[in-house]
Amino acid sequence: MTALNRLTMTEALTGLDRRDFTAVELTEAHIAAVATARPLNAFLVETPERAREMAIASDARRARGEAGLMDGLPIAIKDLFCTKDVATTAASKILQGFVPPYESTVTANLWQAGAVMLGKVNLDEFAMGSANVTSAYGPVVNPWSPGAPGAWPRRLVPGGSSGGSAAAVAARCALGATGTDTGGSIRQPAGFCGIVGIKPTYGRCSRWGIVAFASSLDQAGPMTRTVADTALMLQAMAGYDPKDSTSVNRSVPDYRAALTGDIRGLRVGIPAEYRVDGMPAEIERLWDQGVAWLRDAGAEPVAVRLPHTQYALATYYIVAPAEASSNLARYDGVRFGLRVDGDSLIEMYENTRGAGFGAEVRRRILIGTYVLSHGYYDAYYLKAQKVRTRIAEDFRAAFTACDVILTPTAPSTAFAIGERMDDPIQMYLNDVFTVPASLAGLPGLSVPAGLGADGLPLGLQLIGRPFDEETLLRVAGVIESAAAITTLPPFVA
Amino acid sequence: MSIDRATVAKIAHLARIKVPEAEQDHLAGELSKILAFVEQLSEVDTEGVAPMSSAVATTLRWRPDQVDDGGTREAILVNAPDRAEGFFGVPKVIE
Amino acid sequence: MTYIQGETGDWEMVIGLEVHAQVTSKAKLFSGAATAFGAEPNSHVSFVDAAFPGMLPVINGVCVEQAVRTGLGLKAQINPVSVFDRKNYFYADLPAGYQISQYLQPIVGKGEIVLDLPDGSSRTVGITRLHLEMDAGKSMHDQHPSKTYVDLNRSGVALMEIVSEPDMRTAEEAGAYVRKLRTILRYLGTCDGNMEEGSLRCDCNVSVRRPGQPFGTRCEIKNVNSVRFVQQAIEYEARRQIEVIEEGGTIRQETRLWDTAKGVTRSMRSKEEAHDYRYFPDPDLLPLVLDPDWIESIRTTLPELPDDKKQRFITDYKLSLYDAGVLVAEQARADFFEAVAKGRDAKLASNWVNGDFFGALNKAGKDIQDSPVSAEALGGLIDLISDNTISGRIAKEVFEEMFATGQPAAGIVEAKGLRQVTDTGAIETAIAAVMAKNADKVAEYRSGKDKLFGFFVGQVMKQTGGKANPALVNEILRAKLAAG
């Protein structure tokens, strides 16, 4: 029998249903895998005791015939989701010691569906980063890093900000993990780690209880090893939440039913603007390959224009820091987390926030403060929100001519920890393909499509109409089958 | 638009983040680079374009006027670095 | 025009007021925590109010309705689309580091308030805008030698900030404005107007100028919490500014604090730093869009407001401007009056309600709803006056008894035998007795000392225990005295 931690969610559910193994056994296999994978630094908090309790309860439910959608499936939670009585840090020193007295809606939905919590996983501090190198608790190592585990000649980044989630899933520590995506934080690490990840339509998953980065962009989503598992986990996470004013009251469709494999007649938009300067030839080839696979399956590729694409990153790096500068004002040493004393209230604030925030978070708060400040608001923030309207209009126009858009997920494979660190702009360019859909609030999915010459995973991105996650999943399923990747990351090979 | 160290000091104070003087020049350079990067937006014609007010096409929902929260003082205070007599404590403020 | 006499000539005050009125609602503006006053510190606080990580605001529909109702009551434009912005600043009692407020697009636009001035004249003051915002918590600086204590019970309570135009020219007008606004809010049921509990707080913008000259530099006096203090603070501040200017100084635009104990305004140290609030639309909330039909449906539920009621009282009940004004100042008083006046002499009803009735209530420190004398009971007393069962003088005595015991007027009159004597024979007997006893005074009267008439009336009333009908006593007495 395959080691239990190497199953997909779908396989694990079948095994549980057939009583081939119990949720406790499945969980123990994952607890062991989590322990083995400590050199990756993916987990910030391991919760094996809670996992065991949840697994026992799950087995009991299954025995009573009351098993939920994800009953008994062990998963990891990005440490941006507040989890009741389990420390939540957002990978920042400023939240040191914070134990939320409440549970985020999305994680509550997952526990309601029967999922088992293995622990909280690493991320870029406050989800600000594309390589998981800004975490106050150290970088995460991509399990695809070549060489013997723990003795890597080059430690590769897993992408970010949901780097711990992607690494944990790729390293078979968890059947799936929650991620959050503000400008590509699910899709880019999914691409770097060779797994599937979807950023749903803005408003599909509740933001309540998730530490906010940029409120108008943040969206939670699942990260798993297969498209079917992503469909399953999204089903459990999604839904209307009256506690989030931006949550949309719309029923959640049966996402797994969407995986028919039938994409005949579907118009697949190919935006020329995504052929950016300096994009490696292998990524362009992979993109063409993706188009060919979809054509072979009966879809119709069409050229579409997204003329404001080139302005998306600049727009994002005004809007997101502006919102973040305000969202992160609450970390002030008064009600939770770190306090560094000072002689006056202002000094206490400055000391606490000076010591509590890392370099990237500090940079973004300062930029955000600047673009909102007196005399600059119109030139920066207001201008960016207008360009954002233009970007959204581009997509609306494109979707009159196509049903789904296909692009690469990222402009490169995973790079090494330490690379691209001196220049923030270089790092920001990682998100060049993922940011536009975020700005428009559209769903985006990354699916593994091949390996680069360096043997590292490459993903393709699908962008859909608002609330048309089903089409994304259906098309991703076709790419997944066509790509038929069997290579395992060296860490678990 | 370029940011000098005085501006860094000013916005750092506005954001209540202590930035050691030794880091101000370096930070001014980084922030200037980011601003130079976003400067490209000025190329975009946004005449008559409304700023995006929401990424989601829905209307603001209203909650009923019901008391269904609060009354959890211990949970509110339990994470506080300084608490006394049911209050949060901060360094004394002189009005 | 009322000018202030300075050392160097006349000065005029220019006053604009920003009133923060706590919206009457059970729960807060963006959370389900209670708004009730006087609870243990930090007990009416949700994780939203304390700005815990990941917490999100959801707007209370009743607070929106109350703001619209208030806007309609102020005859103001209701904006079909308004936007909630974040006002960013750091302070101990502002947990999120921003206040959710409305900046460029408030829910209510221009309106007006008619002030009733003590001399009976009225003056219209423009309302610039009304917007919804959340209150901050409370900082206590005097509980500990080196710490400020923070209580977040008020954090997130809905406020309406009502901003006036700089239309007022005297402290009295400012006082009249606050009183009138409070009356309107109470009629509408949108704010209880309780200044002691902080439900109504006033920021006063004060400047001075030479008559006819452009506006001077203004100072803002924060958080003044009674009508009396509003007037005192403005008066003090205007004189302070005049003194500064007359001594060759200039006024610096600043925020000042009213020191209740010393009766002075002083510069607020904590507010000295220049603020850059970095307003931007709150991305956790969508624009607030109001359906015009819904706004109209609110309009149909508005009560009759004080100005209309006053006019109706003058027209329908023929009351004086003054009496009508006093009656409509409180809705409960106006309602009580109408209940008493129904089917009775309105002028008499008004005199009794504004006179003995409220006099007794005030003396007893009671509210109208706790009154031992109901409108029906007071009406019963007035009926006894109108049908000459008792005299007005006896009625006062009966009312005191009613107020003390809660008994109806008729019962007291019967039990105490206070019924008015209208039997002319009995009155004539009493007059004869008085005249016989005071023959000397009768002679004096008849020799031209008319003033003694009052003495005779008094004696006759005394003789009859005050129960004789005064009109009859006058009539018969005059005849008997003349008949000599």
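Which chain is which? They are A, B and C, in the order written, and residues in each are numbered from 1.
The definition used in the following text is that a residue touches a chain if its C-beta (ideal position, glycine included) is under 8 Å from a C-beta of that chain, and two chains touch if they have at least 3 such contacts.
Bear in mind the structure is a predicted one, so any value in this text is a computation, not a measurement.
*Asks:* A-C versus B-C: which has more C-beta pairs touching?
*Replies:* Here the pair linked by more C-beta pairs in contact is B-C.
*Asks:* Which chain is the middle one, judged by CA centres?
*Replies:* Here the chain at the core of the arrangement is B.
*Asks:* Centre to centre, by mean C-alpha position, how many angstrom separate subunit A and subunit B?
*Replies:* The separation of the two C-alpha centroids amounts to 23 Å.
*Asks:* Mind checking the centre-to-centre distance between subunit B and subunit C? Centres are C-alpha means, answer in whole Å.
*Replies:* Measuring from centre to centre gives 41 Å for this pair.
*Asks:* On a C-alpha centroid basis, what's the spacing between subunit A and subunit C, in Å?
*Replies:* 58
*Asks:* Residue numbers in subunit B touching 2 or more other chains?
*Replies:* Subunit B, residues with two or more chain partners: 14, 16, 53-54, 56, 58, 60-61, 63, 72, 75-76, 82, 88, 90-93.
*Asks:* What are the residue numbers in subunit A that touch two or more other chains?
*Replies:* Correct list: 98, 101, 216, 242, 245-246, 325, 329, 332, 334-336, 345-346, 349, 369, 373.
*Asks:* Touching at least two other chains at once: which residues of subunit C meet that condition?
*Replies:* Those would be 47, 50, 58-59, 90, 92, 148, 150, 276, 278, 283, 285-286.
*Asks:* Using the touch definition from the top, list the residues of subunit B that touch subunit C in their complex.
*Replies:* By the definition above, subunit B touches subunit C via 14, 16, 53-54, 56, 58-73, 75-77, 82, 84-95.
*Asks:* If you look only at subunit C, which of its residues touch subunit A in the complex?
*Replies:* Touch residues, subunit C against subunit A: 47, 50-59, 86, 88, 90-92, 95-98, 148, 150, 276, 278-280, 283-286.
*Asks:* Quick check: in the complex, which residue numbers of subunit A touch subunit C?
*Replies:* Residues of subunit A touching subunit C: 81-82, 88, 90, 95, 98, 100-102, 104, 207-212, 214-216, 242-246, 322-323, 325-326, 329-330, 332, 334-336, 345-346, 349, 369, 372-374, 377, 381.
*Asks:* Using the touch definition up top, name the residues of subunit A that touch subunit B in the complex.
*Replies:* 97-99, 101, 201-203, 216-217, 242, 245-246, 248-249, 308, 310-311, 313-315, 317-318, 325, 329, 332-339, 341-351, 353-355, 357, 362-363, 365-367, 369-370, 373, 379-380, 382-390, 392, 423-425, 428, 439-441, 466
*Asks:* Which of the residues in subunit B end up touching subunit A in this complex?
*Replies:* It is residues 3, 7-8, 11-20, 27, 30-31, 33-35, 37-44, 46, 49-58, 60-61, 63, 72, 75-76, 78-82, 88, 90-93 of subunit B that touch subunit A.
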